[in-house]
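Below is one structure, written out as structure tokens, with a few remarks after it.
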């Protein structure tokens, strides 16, 4: 243990209750935690993590601890860190470096502190920790057996590193597991973004024009749930197949310049930068509400908003109102950071049970098998095992192929 | 002004911001507030109100003030009262008697204090204030020109009083206006209950069995949105037509005894008592979550839960966990009180804009026209005006009948 | 038996099979047919009917016969008559006067022939038979114990007659029974109009702009199912509450002049005349498709279309293409007659099982109780019995109120 | 031209109208047909096709002709062949060998006749033609520059051939193009299967238990639309990720043995054999309806049904009723052949516009570039071009990445 740096260790009791609540809804993580409890396969492993430090993540970290690992944790976003959960994690023996509202400077300092554990394994969310390892902490590279990355955004960065020839160790693309992106990115994001939006604004969804930028797995989850709550959804996309899928799903599709004057609410989920910017702010309606659910806070240009505003006012919690020169107000949620994590509790627990079970089994895999440098898919047997256990805990039966059917699928003759 | 009794007048600043936020999304109330601003038609009127004291209600009360009335306010539910909003209301000149978490005893004392204003008009939510007037404060009856009632539950009680011959003054059934029940009860409740459920539990909705007791306007709103979020909905109903509507809407329908062992989440919206009780708790799954969205906290039998439990534990905010003798845990949200008000911010703002505009215009109507004793419908011109203004603020055009069409609708000859 | 006039008695075998098929899905009608089989309560009654003569209607007519009545039948729409079903009905002893594609002149002649039975009871669909009785066959009025009307359109006409003081006998408003309009008008129309539209055009629904004129029970059924198939729905309404319900249901709302240039498909369900007319045709897109699902073929102005067209061509079955002077093509389905009946098989069988069971029990009621002149609601015990039997045949249990709950609903004291 | 063998050349007029109707809704095929009209890039090419011979397919075949090819056509399914369209195709110069209801023997004879054209290119749907080429007409292999396969089923067979080392020429997997499977398999199948089911049975969808076997792209399209029409959907799957997606989409999931006694309607879309068989028929409800939408008529075991039945009766068109020994009736639609093609008009026109544009451009590609033996993906530029043209014809704008955004997507540094 290398120490910790958190807001207030005295909040542990509240954090422990949150963790206990979450754990009830994580039967898959519990299952694998118990399966490996006796053998303690992580004994001797040091694991550095950069994750959203709230209750569900804590269940993963606690499980890593119980299976024998030393674990350090930095928060992957200043606003998603929950201070009471951090306090509970410290009590559970995790070296935590984060507090809600930390500055960008402190954020990177904390990343560094978490790396001081000299990890064998890194578990990252957005790839900032892995980027730092390659940019400033190359001394640690030799110890590393492998890593795992949680997000689409992180995978995109790692792929860029791989193409460039920079990526120095093996990383499992947890995001790309079927058990992850099919559920977490879609149904998880779908529910949690609507939750964050509703609780933060108390605004009616039905009858609103909601502009969803990006129709990847996250975007379609949000579009699906927004429409389901009665909104008319406008999708902004760069990819023609995705755009036409949005049309087939009953949404309108147009460019952001066309959508800007129509939208009541804007949600960005592209993984890109400057998706909503000056030229769009200029033509928005008075009262437009903007939220981001992409990994980084660059999708909605806050610099542009600040340049345009003659006044910025806090109103409800997690809402900043930018008053334009012509009097129009534009409301930005959660400083443009992940609205589902910064202004709500992140994904539903049961969804993270799958994602974090993939993380757990990936960590076990890396502990046993040092990876070649580069991006690796989650081993298919892990991917399948996680969702099979999930179905089992729900009492759901799969159909089984008969021998005749197996043979039929492998023959081509009429 | 007769005084006030609130938690902390120092919270007014926060309450003022909440009110300002809400007012932006209430263009209809703003419209009528301005239309009548100069004439101050409530000058000299004393209005006692019993309502959920949060920001949207505050916009109604502030408007009544601005149009000339003296206004007192009691909270209609101990857990729906927001203390900062109460403080702001006091600053705006309303006599407020309520604080979050008040005891039942204090609740009735506050009702009495609000009545001390000696009202000409009462605006009630659930009919507790009107019931008290008839039971204990008959001295005040002579002054009363009329009242207005907001809820289905209140109307049911008032109708029982009317049948019994007890109801001593006229009450406008605001709940039964098309501009109210078609929207507030359905889309309002639909969104706000899902909001309360999600933010309180962080549980996944998709794939859950959600039991909805009652398929009236509130129940169908909740069932619609729960299904839209991916749940499988089981409806419990006593009325056969409503039951078959639920079937046609794609839900399962069964008795509560059949539903009890299947449900993951139970939501009650019946207006009745003991809808979920001992015999049902006995056969529920471990981990069942219970929430009420009916007006009173009698739909889920808390006494039965307390009798059965060997332990009661607080976990997340607004969740009490009852541990049964056999170890099963049953989680009760918000003490069985309105989960959308006690554990969230109540209905979306735009919905209450309609309901409270009906309230405002009904109060103006009563101020001019003392009502005969009994229940009265909202005057149709008021009902129509409110939604017409709403459509206008949204820039929506109605189709207009041509003269030919008007004639056609009144003729029967081929 | 007074005779018959149909296309071809030789088609009876095919009609009998259709009737047998339908009867399987009509357990409620079967139930009441058997309950009253022995007592033959219609013995001696003469019943004249004007209905859509297809298989489900035939099940009603056959049941009336089996319970002892003499029955005559005219088709209520030239295009909804199925000739093979007519032949089967003749074999079952019903006096049938109709054939598919009959002229307007023949239509009225057939109505007259059906009336020649000198009915005690008339069962009407659209009120043409009742109108004829009052206009030209007043000699028959004395025999009539009462009637029943199936549609919203018919009720509107009868109400106009009642207001005018013309209505000479009692008519049960079958349309207004909960067991009828809540299901037949909404879910029945919803499915059957989409069926008719899809099978006639083979056009894709997803991604289309579908304009629905009228948001009554029929219109909302169609809008609901169109959206469910992936369309973007535009609602045109004259009533503000209905318009705002459409907004809350996620649809766009505008006037027909605004909708005309946007729509790919137009569906009318208003009960009014000239809903789509010259000024709208002038600005429609090339390729627009028009279908009517209101009772009469006046909602889409065919005279206007014919005036505007330089050519009219038949393409697929039930489609007439009007070529405008500027080359634009406008496609009219089923000559502007009920698209679900003229271009498909009408409502789903199970829906008509409810509606026709109401018709059967209403006829039994009239046979026993001559009605006062005027419109009468369906007796509530009939309305309830029908849907209760339906639920029973589906194995669905209603919740039952406890004594405590009954008492609670009747008390107002806290 | 080698001749033709069709039901009745006299039906050409009706077929021509159907083709004209379809062509209006195929702007993408029209676009490419015109783009290449002058250069006639298929001049000298002989193309043998095995496809569903209805109007949309005819538009593809006519376009191939117009671009210079000689074209022969066999029907890919005895019940999907429309005789009037065949007659029209002959008039348009295509060598057609098919008639509705042909025997299995004749089906294969027709395949052989179509091959007699000695094709340079084969376009197949289900891979029967390609299989015949490898099994019995190896003399033709030398001439073949390449082929294209339309279906999931066909791809599965071709992949088995490839694994086995048998596949003797290159085949483009048209099915696997994004422009195809994302739309045709999902939204196309979703709509057309519901259309076929509704028009064939006139049964109500709302409130029914519909069992969907297979949750691939086709199955999820059908499940989505069935639920949208008010059904409760039960999914039967062998793959755990797909099964859990079905759960998240709000469906129930179970094995076929569990589903068999619950289902009112069963739809198979698995690509496998014997999906519903004796052990399931034995426990089905009286009145169960069975339809197949997988490529071959082997998914519902007709031999088992015939063994079990004491009587088989035709009722409505395209329905065979099997009466079990215990009196239960089981209704099989369209002889267990593709219910959307054999009992309706196949996919919506606009969907096939995309799929057949891919076919057209793939044929052009093969004509210019003889393929290596093996399965080939559709060239990405073709896949993209097709959907881009589609969006353009709809007037839909894509968002365009800025230079800053392109750079951002390629960098990994914070």
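Some notes on this structure:
Note that the chains take the letters A, B, C and D in the order they are written out, and that residue 1 is the start of every chain.
In the analysis below, a contact is a pair of C-beta atoms (placed from the backbone, for glycine too) under 8 Å apart; a residue touches a chain by one contact, two chains touch by 3 or more.
These figures come from a predicted structure and were not determined experimentally.
Common partners of chain A and chain B, by the touch rule above, are C, D. Two chain pairs, A-D and A-C, are weighed by contacting C-beta pairs, with A-D ahead. The chain with its C-alpha centre at the largest distance from the centre of chain A is C. Centre-to-centre, using mean CA coordinates, chain A is 39 Å away from chain D.
Separating the CA-averaged centres of chain A and chain C is a span of 53 Å. Chain contacts: chain B has residues 187, 206-207, 230, 247-248, 394 touching two or more partner chains. By the touch rule above, chain A contacts chain C in their complex via residues 206-207, 227, 230-232, 247-250, 252.
Per the touch definition, chain D reaches chain C in the complex via residues 17-18, 20-22, 24-25, 55, 187-188, 191, 194-195, 198-199, 202-207, 225, 228-230, 287, 314-316, 319, 329, 344-346, 348-351, 394.
Of all residues in chain C, only 127-128, 131-132, 135, 156-158, 160-161, 164, 166, 178-179, 182-183, 186-187, 213, 236-241, 243-245, 247-248, 253-256, 258, 271-275, 298, 383-384, 387-388, 390-391, 394, 396-402, 404-405, 408-414 touch chain B in the complex they form.
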